[in-house]
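For reference, the structure I am asking about is given below.
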Amino acid sequence: MIVLDKVDKVFPGSTIPAVNQISFQIDEGNICVFVGPSGCGKTTILRMINRLVEPTGGEIYIKGKKVSDKEVNPDELRREIGYVIQQIGLMPHRTVEQNVALVPRLLKWPEEKISLRVKELLETVGLDAEEVSRKYPYQLSGGMMQRVGVARALAADPPIMLMDEPFGAVDPIVRGRLQDEFLRLQKALKKTICFVTHDINEAIKMGDHIVIMNKGELVQHGTPMEILCNPANYFVKDLIGTDREIKLLELTKSEELVTRTKNIPEQIIEKDSFILAIDPVQRALEIMMKKNSDLVGVRDGAEMIGTISWEDIKKHINMISGDN
Amino acid sequence: MDFEMDRFMIALLDRSPPHALEHLQLVLIPVVVAFIIAFTAAVLLTRERYVKYTDRVMTVFNIGQTIPPLAVIAVFFPFLGLGREPALFALTIYALLPIARNTLAGLKGVPGDVKDAARGMGMTEWEMLFKVEIPLSMPVVMAGIKISVVLTSGTAALGALVGGGGMGAVIFAGIDFFRAELIVAGTLIIGVIAITLDRLLTLIDDMLTPPHMKA
Amino acid sequence: MTPLSLALALFWFSNFYDEYLGFIQFIIRRWDRVIEYTFNHFSLVLTVMFFSLILWISVGLIISRYEKLASTAFGIGNILFVIPSISLFGIFITIPMLGLGRTSAALALILYAMMPMIRNVYRGIKSVEWPILDAARGMGMSAKQILFQIQIPIAWPIIFAGIRVTVVMITGIATVATFIGERNLGRFIHHGIARESADMIIAGAVIVSVIAILLDFVLGKIEYKITSPGLRRV
């Protein structure tokens, strides 16, 4: 869906590339999360996809079409890509309704269609359309503003969404809720999403695919599981290790996460993917990787006591990260 | 423009200096007196007893600023007659508003928690005023004085109308006789006075402003 | 109230009226002049505002886009502001093409309008926060759409505040144009001083002040009205 081919960006007045020879691809319907410390180039990559920043080298393709093609008008390109940023950037002089309707109006949709769409979207992101559509941004809470920001980006139903720390400005509890809701929404919408964050926990939770960056270089990319199990180098280890929650996977016993059941699925027995109840959860991840499945069985001695799934582990990471 | 350099030099060097001195007085005396009055009034108005009136007084000041300068200069003439003193009086009234407005805004703008902290450390009302409120409001107060100086040095040119002398005498003579040399010379000196005073105030401001508040 | 004190009060008031409120009689007596001068006053102010709005809003928009020009423009504005109004009028009348009259008065006043106008346009445009512009760009608004749908509407209350200050200021300074031949409200003050007529001076000063205050008040109300409720944070 989105392909980056040796993309470079050197900002004027700087000799060090902000983004250096990055190539990879994002599949349709996936959430790809860029994660890394500030200044690593993750936001620059995002902004190059909708040409808010022009690359100095390489090519970006969307659905096989060159983004930098002379025939592509950047404004029209952007109208077909949803864009959400941490500071949201709601238009303060316009009501919630007008904010959400911004892109449809740019695209000159008929007004009846717009008003239906706005109502539908506000409900989709969990807002009471009746209540909020006439309000101005300053009358909303941080969480509500983020929801409006997401609704606005979804308004014209763009196949691609770019989200730069979209939940970064709200407190951890609201953030967790917004993440959950967004994942639920994504299941139905199946957008292709580029998501930027500096929070590895958020990356693991949201991402189908994670791209770890440092100083403009791509350090590692892969599924969350691959990254958790096989960190490519010390930088990645450090990134996941500095987060107490993930380190805790080594300290949590599998028995704490196990879903107790007598019915162990066939595939587990076939592949012999078992761990012991006293093994750390980290071990479950390793087995999942090795056997290429997202479910492992748990044994207490010889007795099979239940299973642990990748979902369970993600939930667990989330739960402990919500604690701090 | 009918402009002769010789005439201009005569206007600037022979005719203007005595008026320049008068003009300087027409600026300095009103601004200093206005500062003393406005500052005292603003300090009183921000004390707890009177603080409830500050908004209303502020509104009056804001309205006062819309009154045209010529009206301010002229309106006292019928009561006080011609001369230097009436001109000084009118200019003082005129200089008062920007200073009062800014001083009031400055003192009001001192954050409540800073005052609370100061009170919590056991400062008396006086100590608080001199060690906390006045220093912290200094930049805004100085800005008000600067505005006042620039406005007053221009308006003082109208002081000549009511017999106050100053550079206005030279400028009005230039208008009456269509002599650009006189007008330009007079304007130049007023400009020098205004800019010099502004620079001086900037220097004082630099010395008085607490280091952390400097840009 | 006893009849005596009432009589005393009446006496005091009639004295007060004779001495200080004579200007009311003057206004009534010279009503035709008041109308004429007020009309002239406003036609000058309107002319000046018409050109100032076109010129200075454009300049303000240009300098908010080209940062390098901004400091030059503000420098010029500041110098103009230091020049006393009477000098600016005076300098214009000595230019042969212009001479005494309306053109000189209008030109001087337009120059005076520069500073408050461009400062507020600049400040208004700069008050639009970066994320708002970034989001607007990211959603595919063109530069023109951003200027007209985002930047100007958000800056509008600040720009209008500048217009309000300018109108009030120009109304005030226009009185000084009487010294270069304008027949406006300043003339009451000008001639009042020459003839040492207190009533005339006070009449002029009061009329002009009341007009300035009223203008400020009315424009303030309009300013509030046209501000988007979303920008009206108290």
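Labels for the chains are A, B and C, by order of writing; each one numbers its residues from 1.
In this section, contacts are C-beta pairs under 8 Å (C-beta built on N, C-alpha and C of every residue); 3 or more make two chains touch, one makes a residue touch a chain.
Because the structure is a prediction, the values reported are computed rather than measured.
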Touch-based graph of the chains, sorted into line, ring, star, complete or other: line
Chain at maximum distance from chain B, centres defined as averaged CA atoms: A
Closest chain to the centre of mass proxy, which here is the mean CA position: C
Euclidean distance of C-alpha centroids - chain B vs chain C, Å: 20
Whole-Å gap separating chain A and chain B, where each centre is the average of the chain's CA atoms: 60
Rounded Å distance between chain A and chain C, as computed from the means of their C-alpha atoms: 55
Multi-partner residues of chain B (at least 2 other chains): none
Residues of chain C touching chain B in the complex: 79, 81-87, 89-91, 93-96, 168, 171-173, 175-176, 179-180, 186, 189, 192-193, 198, 201-202, 204-206, 208-209, 212-213, 215-216
Chain C residues within the chain A interface of the complex: 129-142, 145, 150, 153-154, 228-231, 233
Chain B to chain C touching residues, read off their complex: 1-3, 63, 66-72, 74-75, 77-79, 150, 153-158, 161-162, 168, 171-172, 174-175, 178-180, 183-184, 186-187, 190-191, 194-195
Contact set on chain A toward chain C in their complex: 50, 52, 74-80, 83, 85-95, 102-103, 106, 136-138, 149, 152-153, 162
